[in-house]
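Each of the two complexes below includes subunit A, the first together with subunit B, the second together with subunit C.
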Partner chain A sequence: MAASGHSPAITMNGGQKLAMKYFTVAIALFGAQCLFGMLAGIQYLHPDFLFGILDFSINRMLHINAMIVWLLFGFIGSVYWLLEDEAGVPIVGLPLAKLIFWVFTLAVVVVVLVFLLVQIGPGKQSTIWLITEGREYIEAPRWADIGIVVCVLAFFYNVAATFARGRFTHIGGVLVMDLVALAGIYLAGMFYTPNISMDQHWWWWVIHLWVEATWEVLVGCLMAYGLIKTMGVRRQIVETWLYIEVALMFGSGILGLGHHYFWIGTPEYWFTIGGFFSALEPIPLVAMVVHAVFDAGHHKLKSANNPALAWIIAQAFGNFFGAGVWGFMHTLPQINLYTHGTQWTASHGHLAFFGAYATMVIAFLYIALQKWRGNVWMGGNLVGAWKWKWAIFLLHAGMITMVMAMLISGYEQSQIERAIEGSTWMGYFAAQGHRWFLQGMYWRQIGGWVFSAGFVLLAWDLLTIGKRETRSALQVPGE
Partner chain B sequence: MSETQALWWASTSFWRKTAIWVTAGSFVVLIFLTFDTVKQITAGGKRVPAYSVINQRIDYKFDEKRNFQVPVIGPEEPLFGKKVTEAEAEALVSHGKLTTQAKNCMDCHTLLGNGAYFAPDLTKAWLDPSWGAKETREQTMVEFLVHPELAAHNPLGRRMPNLKITEEEARATVAFLKWMSSIDTNGFPANFKPIDQSNAPTPAAAQP
Partner chain C sequence: MLEPVKLANFFIVFFSAAAVILFGATYALIFAWSRIKARPGLMPLAYVAYMGLFISVLVLAFAAHLFHNELWSFIVLLMLAGYLIAPHAIWHLCIGTHAETEAAPSLNISQQH
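Showing the complex of A and B:
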């Protein structure tokens, strides 16, 4: 992206130039996520594929870690993109920010190479520090944990200091508070204990309070800014909505943490607390849909940037269905007893991460590229518009195919392995070998191919969109 | 839109205050509950037994009052026939836990139901009937962990790769799995049929 189509006529601020670097790495890692996901999917159908060379555990680890990191890079890039614009002053500490980008990227490359080439180590502390921590989603070794904290602190300094020097908009205020929580929570995952109950208790602080609380608020901020930029929605409206979302999101999400505390050794009162509050978690997502769709309708879908608006609307619905509906379906303990740790969870995970987060980062990529290409027209009749339209279609068609296929496998698994067979190893394999399960895995792979094709088209579109466009962007009148 | 501004419940400041109070309130409740939970899941308590529980038989039986299966700590049955002290048990279980992390078990298996879904859940692996007789279980588990690629696992052809687990690491992993099976997981997994651990010489002979 960085090398192509930049029009020097448009001056981008320091934060925005830096954002383009983050976005470039994000898209590369998105590609890696697709690749390793496909390899892991193939191993369900052909278990000997790459056996002993690149085992399922490694592909799966790279698949989910690439996702976490590309979304983080996407978020950081998005925040740098809006920072000077929101604060009204040049970014504070830009040289540090640039340095941190390279440090962060280098660290990611080293971690990925170690995951690929070293893979595992002996059962010693040195493995935890240098190779892998072996804990789902936060497998990065401890040295990298410390590096991540340093990078996030530097990022926080840039953001907080810039808003402090300029003006604290409501979006800025929420963003800064959210980043404090986001950075602080990560620390909860940085220790070793032989006690697996204690381990998972704190591990969920990182995983849940990131993806079901602080990340949601972060995308709420990005959504607010995105609506102002693409359609000129009145700031007061989006900011009031943002606070409503924060209240609902944290009001349900913080104690919703309890839905991960049903089966890990934690006390029984979490049944009630976790069940109740996690059942409320879809409510803020409904609010976001209403908000985004109402604003889009109010502005008669007239936007300065159609691809970005399309992805924002996709985010509203994807978040609601993926995180909200799919999460709610198996969040109560009475059903979760049978679905916990089955393909049901995988189905939810795929739709939620894509619907809530990938979509928002992609929307920001389009907002950024519009300016990068010279503040060009991205409304109707955009030159080469078929690419972004087909990309969004293929990515959604592929994702929905995968999600439905895994859900069917998950239904089968929860019935046969869990309810009937009682989760013994025999029960597990009876379910895994069932025709319905295998059909699900087969269709999931087809969905994976469609999704990957969508990714390739998306990448191609990002490299080219607006390059042949000579009209300048539609000016959306603010209200 | 001017009439909206007059409505207190639609104002930015009202929702700002609400957001702050709701967030702070939820967080305070969470902290309060966390203190209690951490106390209850510290090893040595009722829900999460001390590591030396590996010296005893562990079973998983239906509890009428709680209406689900719960771990039952039985008579003395030391792992590998050797009774260990609390400190030795902790060191052994810790080595096992470290091994499960170093070998990335969680990216194929689930532990307490969390992880990946490519291989069976390990929560009650110690009690799984697939290990055959309880007398030979420990040794079978160690041999499997050291050379998993040689064993026929299932008709699907899915195998566990050789993860260069040493015999010492394998024994520690078995200790970790035995200890993990003693955790009170509120009835997860449900309807589980544990290995026969009655004192009869073989499982077959135990049933008339």
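Showing the complex of A and C:
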């Protein structure tokens, strides 16, 4: 993406040039996520596939970690993109930011290579430091953990110092506070206790609070900026709603953490706390429906960037269905007892992550590319518009197929493995060998192929969109 | 304190829980649409959707044995009240936040209260 041509007539600031580098790595890692996900999916159907060469455990780990890291690169890039624009001054410490980008990218490459080259071995103290920590979703070795915190702290310095020197907008204020949490909460996943319940207790701070709280707020900030830029929504309205939505999300979301504490050995009161806040968690989403309709009625949905707007709308729906509907279906402990850790959870995870986060990063890529290509027209009748339209269709069709297939497999697992067989070892295999489970995995693989085709088309579109456009972008009022 | 769902009720729980959210969104959507387009005739439909939510919550509560415990019964009541009030509260916030910056269009909407 960074290698493709752009008009020299449009001046990009330092942060935006850096952002394009982050976006390039993000898309490459998105491709890696698809690749390793496809390989892991094939291994569900043919367990001998690549056995001893690239084991399922490694594929799954790379699939999930690639997702976390590509979204992180996308978020960091998006923030660098808007930073100078929002603050009204050049980025403070830009050379540091550039250095950190290369350090972060190099660290990711090294970690992936080590995962691939050292797939099995003894679990010693040096393994934790150099190979893998072995903790699901945050398997990166300790040196990389420390590196992530250093990178996020440097990123925080860039953002906070730039806003402090320039204009401290409300979007900027929320963003800076959120980055404190982004750096701080990750620390909870960096120490062990000999008690597995306590260990899981803190681990969930990273998995739930880091991802479901700090990322949600970050996406809220990006959405606010995106709405100003693509639709010209007034800043005062967007910023007021940013506060309201952050309050609603935190009000129900922080203690919604309790639904992860049901089965890890924590005290019984977490059933009530988790159930209570999980029941309330979808209310902000329902409330957002009202606000979206209100806004659509007020602003005539005239957009300067149709692909970005389409992905922002996809974000609203994806977040609602993935996090809201798919989450609440199995969040109360009375039913979660049977579904926790089955393909049901995977179904929810896939739709929620794609719907809430991937969509927003992709929307931002299109906002960035519009300027990168010379602030060109990206409204109706865009040259080559079929590519972004087919990409969004294929990615969603593939994702929905995968999600429905995993739902069926998860339903079968919760019935046979959990309810009938009582979570026994034999029950696990009985469920894994059942034809409903296998049919679900088969359809999941088909969905994966469709999704991957959508990714290829998306990458092609990102490389080419706007190149043949000669018209200038539609001017939206904004600010 | 916690009574797991019976095997026969799995589907009912999943389906009713999904219906809670979907009816909640439908209620919010029709409610807001009725107000923004000044079409009060649509409002009864919004409350029909809320009735769907109400029934779904009760079905979920019975299937998941939520009424067997006072605390869980309270959560059921809170869900019913929360989903009923949320669109009203957010609508007032919409009016308030937009009125400060867009005096003319918001005046028209405010008059519907």
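By our rule, the second predicted complex is superposed on the first by the 463 of 479 C-alpha atoms of A that agree within 3 Å, B and C clash if a C-alpha of one lies under 4 Å from a C-alpha of the other, contacts with A are read in each partner's own complex, and residues count from 1 in each chain.
By definition in this document, a residue touches a chain if its C-beta (ideal position, glycine included) is under 8 Å from a C-beta of that chain, and two chains touch if they have at least 3 such contacts.
What you see is a predicted model; the values in this text were computed from it and never measured.
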Checklist entry - Touching A:His330 in the superposition: subunit B (first), subunit C (second), both, neither? => result second
Next on the checklist: Applying the document's definition of touch, where does A:Arg234 land relative to subunit B and subunit C: first, second, both, or neither?
Outcome noted: both
Checklist entry - Should A:Gln415 be classified as contacting the first partner (subunit B), the second (subunit C), both, or neither? => result second
Next on the checklist: Between subunit B and subunit C, whom does A:His291 touch in the aligned arrangement: first, second, both, or neither?
Outcome noted: second
Next on the checklist: So in the superposed three-chain picture, is A:Ser472 touching just subunit B, just subunit C, both, or none of them (first/second/both/neither)?
Outcome noted: neither
Checklist entry - Touching A:Gly275 in the superposition: subunit B (first), subunit C (second), both, neither? => result second
Item to check | subunit A residues touched by each partner, larger count belonging to subunit B or subunit C | outcome: B
Next on the checklist: Just checking: does A:Phe320 make contact with subunit B only, subunit C only, both, or neither of them? Give me first, second, both or neither.
Outcome noted: second
Checklist entry - Does the superposition put A:Ile244 against subunit B (first), subunit C (second), both, or neither? => result both
Checklist outcome for this item: The intersection of the subunit A residues contacting subunit B with those contacting subunit C is 234, 236-237, 240, 244, 268, 271, 333, 337-338, 419-420
Checklist entry - In the complex formed with subunit A, which residues of subunit C make contact? => result 1-5, 7, 10-11, 13-14, 17-18, 20-22, 24-25, 27-29, 31-33, 36-37, 64-66, 71-72, 75, 78-79, 82-83, 86-87, 89-91, 93-94, 97-98, 100-102, 105
Checklist outcome for this item: Counting only contacts in the complex, subunit A reaches subunit C at residues 234, 236-237, 240-241, 244, 268, 271-272, 275-276, 279-280, 282-283, 285-291, 293-294, 296-298, 320, 324-325, 328-335, 337-338, 411, 414-415, 419-420
Checklist entry - Taking the complex as given, what residues does subunit B use to touch subunit A? => result 1, 5, 10-12, 15-16, 18-19, 22-23, 26-27, 29-30, 33, 36-38, 40-43, 47-48, 51, 90, 93-108, 110-121, 123-125, 128-130, 149, 153-159, 161-166, 169, 172-173, 176, 180, 183-193
Item to check | Residue numbers on subunit A that touch subunit B, as the complex places them | outcome: 40, 43-44, 47-48, 51-52, 55-58, 60-61, 119-125, 127-128, 131-136, 139, 170, 174, 192, 194-201, 203, 234, 236-237, 239-240, 243-244, 246-247, 250-251, 254-255, 257, 261-271, 273, 333, 337-338, 340-343, 345-346, 418-426, 428-429, 432-433, 479
